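Paired with chain B in one complex and with chain C in the other, chain A is shared by the two complexes that follow.
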Partner chain A sequence: MSAPDDAAVGNRKGSRRAIAFVLRLREAGVLVFLAALGTLFAVLTNTFLTTQNLTTVASSAAILAIAACAQAVVLLTRNLDVSVGAMMGFAAYLTADFAARHPAIAPWQLVLIPLAIGAALGAINGLLVAYGKVPALIATLGTMSLYRGLTYVYAHGQEVTSSRLPPWMLTSVDARIAGVPLLAAAATAIVVIVWAFLQYFPWGRRIYAVGSNPLAAFYFGLRAERVVLMAYTLCGVLCGAAGLLYAARVGTVTVVLASGWEMSSLAAAVIGGVSVSGGAGSVIGAALGAVVLATIDNGLVLLAVPEFWRMFIQGVAIVAAVAADAAIASGIRASLRTRGAK
Partner chain B sequence: MVNRRELGKLGAGLVLAGLAPRLATAKDSGFKIMMTPKWTGFPYFELTGDGAKAAAKELGDTLIYAGADHADVSLQVETLQNFVNQKPDAIILAAIDLNAVAPVLEEARKKGIVVTTYDADAAVPARDMFVNQLSYEQAAKVMLDAALIDVPEGGEIAFVAASPTSPNHMAHIKIMTELTKTDPKYQVFKVVDTQFAGDDDAKSYDVAVNLMQAHPNLKVIISSSAVSAPAAARAIEASGHVGKVYATGFALPSAIKRYLENGSQKAFAFWDPFELGYVAAYETHMKLAGKFDPSKVGATIEVPKANATFTAGKDGEVVYGKPLIFTKDTVGKYDF
Partner chain C sequence: MKDDRTKRPVRPQWPAWEMTLAALIVAAGVWSTTLSPYYLSLDQIFGSTRFFIIPGLLALGLAMVVSLGEIDISLASTVAVGTVTLSKLSMFGVPIGFAAAAVVAIGALLGTLNGVLAARFGLPSLAVTLGAMGAYRGLAFIVGSEVGYTDFNDSYRWLGATRLFDDIVPVSLLAFAAVAVAVWLLMHRTVFGRYCFSIGLNRDASWFAGVNVVKIKICAYALASALAGLAAVVWVGQYGSARGDNADGSILFVVTAVVLGGMDINGGRGTIGGVVLALMLLGTLRNGMGLANIGGPTQTVVLGVLLVGGVLRPAVAAALARLRRPDNADV
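For the complex of A and B:
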């Protein structure tokens, strides 16, 4: 929420301060959780806090952070995209296959392919939801199967192996700039750009407006359809980028690439404080949510904890995040009532 | 209201339906065989399917190869249920889970359908035979042999399996762990960890990276999963552990060619998936034709194309048993 919104909600001095605090809590919550996890693992193991291990966590979190950012953009409009993994897989497979057939392609040209594919797939989702008025869950559930199915048909039982990819694709994602993995740097840059777009550009602000109060946005003269279409398209572009990085990172590109990532991206966004009821949270929070999941994965292996506890702990984190979200919402409603009574 | 004549017809129909499978076993070709891998789209399973189709074509059978596009046990049960409804003479499958597929397979067997597992077994009462690519002992030894090529002086090793209910992976791990304690040849190794990656490439990559963080003296990551082993090789290359840590286990030559050729890895193991599929379909056909009874320990079957005679062991297990080890010099010879 922007500053004018805060002023509208909290006219008493005390409540304004309280609300400002609560609003900041969305990202504060995930930061506190992350710090607690970090402290826990640092105390329990002697390897967690090493530079090498932390850069490992950063690389692991990077691609999920982009996917979570993609999911968050759609969540902010009070919608949902469960085709995130399928879009990543489709863009990654077609791009990797193209690169394998045209090894001489320039890196900047290759990068445009997944972005364009992602934009097209995202736009289809957006058209279905915004103009077709199909509920977001159903529409993207359909396109999830559709995109994955197309990937399968296109691949025809094959996979793109690392020996067929241009070597620069693999070496570039392994690179480090001043000790920072390029993958983590790229993800940070992408997330910050999207955050700035949502925060400071009118088109970005409209995503928040439509998500937080569609009716008010309508009376204000916003065309919600266009905003939702844009959010889905942006989500698709980000999935294209994530898919390309995923392909380069793992090296072997199969038709099942990133299956299940619709749920991981959703989990990361929710843990990061993005509200499933739209309009609240930020893509930076979503990216931090991805870091939380990567930290849990890493820490539990360091501790030699059976991996099924990871699912359990991830589940606890999601439930806690949603409960916190509900508590914040009721807190805001309560403060609105006190203001009305005065 | 149902009159007596209609009841009679119904009864006759039921008797005929009951006889049908028995009649089918009397013929010796033209069988309808349905086959499902763990998941379709992965070159390894596609090759087993191609091999089975080749055998079916030679023997005059029809073979339908189908399945879900990812390894999901409930989808596999659904596929098998669809198969059973289409009344084939036999079903061939690579089971994702030992027990989860058992009820539907038992139902199939009750209807007279011959059930063959290959690659990964289902619970013994749920199938007629298991065409095992390598005996668990052979598999464990060939993977440790590959690890010895990587690090002759030995050291710490860790395993990556698909899941704790993945029957072959867990059996391999158990035997490898025992061998490192009992067999002098392998006592140079010390098992330090086992992780699960669900045959998922990104998960395998992350697990490999985390294993290297958790165990600074780790020498070899061994996986029976043809998805996890190449992903571990990639993780070693990407995280700058080349020369310090090796990945090995089962992998398709195409997936690990790069790492063997650039010298970051030394050896992986496998078998010929086309021939495995061929043998599974061939033996299933012979069982249907009444020429091979896998339930009799010691029953033999000659498969001319595979240039071998196979013997039924305990619990209907027929071991195919031809391991291959790929190194830098040999990997180029294989095109799968």
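For the complex of A and C:
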């Protein structure tokens, strides 16, 4: 507290380095946890470490990673989106239905449809939260039922079977590039692009700025409303992409597609170190969290554990990850105090 | 001057929103009578209360938590834990009095867990109860497996299925009314209730004023989940079955009722009376939509629109007020 000025400055630098180290540690922690999980499952079962099984894990992690990335973008602004699953379902059903009616449509044209739908749905969320000043949970809980209900109404109890989808849609998700599933490659590309956008572009940095300190961002001259609206729109676009991939992967598109994914995406993001109080974490972490969840799922299946344990473990994991983040945050505060830099 | 002011009674403010809700209930009732000739019978009207009693008990509990500026979205999952626990107890032939007490206690325990995590350790209540929502739902499936249990005897079903006075008034409605009065007294006539609202308005100021913020918050969470336990007992009577997916998705109705009832989701403002009125409105609407053969998905859409509309209401009112007085735009 009473350290000389220059020493305090030096300490402040040191503590800042310590914070950066801890934050980096958070993602390294996820990797260590993942390695531990992998070792555990490899010891307990003899099928976990086969190429075929690991490819399965990668494919199921891929779509969840995109959804977690979408959730993370919104979480970074200190908000939340529980309509992620509903947006995926809405975009997936409409796209699949369109593809079934127009089988001759070119792939690049079809891909644009879910992205546009996602952008529109996400923008509605963003308008409600940013300009309507509706708390994020309430707004997206409302739109979740709205989007899912509209999907039901549109579908009239029908479903789009895989035989009605264009064949290229179904084969492309199973394709491989040099042994790597295309799905995993696409997800990695999307996550890296979003990460680079958040890391190196002014608009991306604004998302972090608004999330970590809205007041400071306001005095700096940032329009928080626009930033939040953009984050929700980006979230919607990513959900549209995830919805299309999910539809292509499962083949038969029903109205309940991706229900419950708001929970999984949030769990993945939070496990990956994205803070629910905004401004901290990265989409790479969120994607790693998705890999952790997919690994747990796969391991539980291999161990023949009943499916409901998955829900229980996912819920406990959210609480544990939030508690870990709170502990890290208070640790950082404590270290700042003892180092004499306020 | 001073005497004057103390002598003159404070003019009671018209609770504008509650009046609006009451008018809307009447309007919804009138709309319902046009839909079906069978609407206007005591039997039908009392029977339709089943649409809001279970979510109503949850909404009363949630209103307490919301008054603190917190949220608990795990309540529906707590109901499922309650119903499957009742099915296990019924299997072993435990008398209903004991079983009901046990389920309410288990509810209180789960709520305390939420409360300790959110209040004692300062974790964001949304994230904690979202995790708890999944964990308790999983727990309900683990306890009850996915096969439903339907062999409840009459004593277990009494609270939810019986109707008194010539088979008209459901016991569960009386129970709901009693709970509503109790919660109203608790929130608007006791120190505990004033503390709840004061914490919701300004947590730090309440702390400096000597309020045990952590204890009050944990109590509110525990009470809310205990009511979810009671709702589980009603559920078993009403539906005669218990399964892990009971009450899944009903949290939307509950949150809508609380928000539409005028509780400020950021805490500190709102009335229990408003929540009860909102519940009656939603129940009447749901009953009417059922009579009009409007499907479940469309009902969900209507519910979502009402929820968003309910939260947008203060913002819209403020915007209208600004339009009316352009000179005060910056105030």
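Methods note: the second predicted complex is superposed on the first by the 320 of 342 C-alpha atoms of A that agree within 3 Å, B and C clash if a C-alpha of one lies under 4 Å from a C-alpha of the other, contacts with A are read in each partner's own complex, and residues count from 1 in each chain.
To be clear about the criterion, contacts are C-beta pairs under 8 Å (C-beta built on N, C-alpha and C of every residue); 3 or more make two chains touch, one makes a residue touch a chain.
A quick note: this is a predicted structure, and the numbers were derived from the prediction, not measured.
Once chain A is used to superpose the two complexes, chain B occupies space that clashes with chain C.
By the touch criterion defined above, A:R148 reaches both chain B and chain C.
Looking at the shared chain after the overlay, A:R226 reaches neither chain B nor chain C.
In the superposition on chain A, A:V322 makes contact with chain C only, not with chain B.
When the two structures are aligned on the shared chain, A:L137 is found in touch with chain C, with no touch to chain B. When the two structures are aligned on the shared chain, A:L266 is found in touch with chain C, with no touch to chain B.
In the superposed model, A:I313 makes contact with chain C only, not with chain B. For the contact definition in use here, the residues of chain A common to its chain B contact set and its chain C contact set are 148-149, 152, 308.
Across the complex, chain A meets chain C through its residues 80, 128, 132-135, 137-139, 141-146, 148-150, 152-153, 263, 266-267, 270, 276-277, 306, 308-319, 322-323, 326. Partner chain A is touched in their complex by these residues of chain B: 39-43, 46, 69-70, 193, 195-196, 200-202, 205-207, 209-211, 213-214, 216, 227, 230-231, 234, 237-240, 254-255, 257-259, 261.
Taken together, the chain C residues at the contact with chain A in this complex read 71, 73, 117, 121-124, 126-128, 130-139, 141-142, 145-146, 244, 251-252, 255-256, 259, 265-266, 295-301, 303-305, 307-308, 311-312, 315. Every residue of chain A that touches chain B in the complex is listed here, in rising order: 45, 47, 50, 52-53, 56, 59-60, 148-149, 152, 155, 157-159, 161-163, 170, 173-174, 246, 249-252, 254-260, 294, 297-298, 301-302, 304, 307-308.
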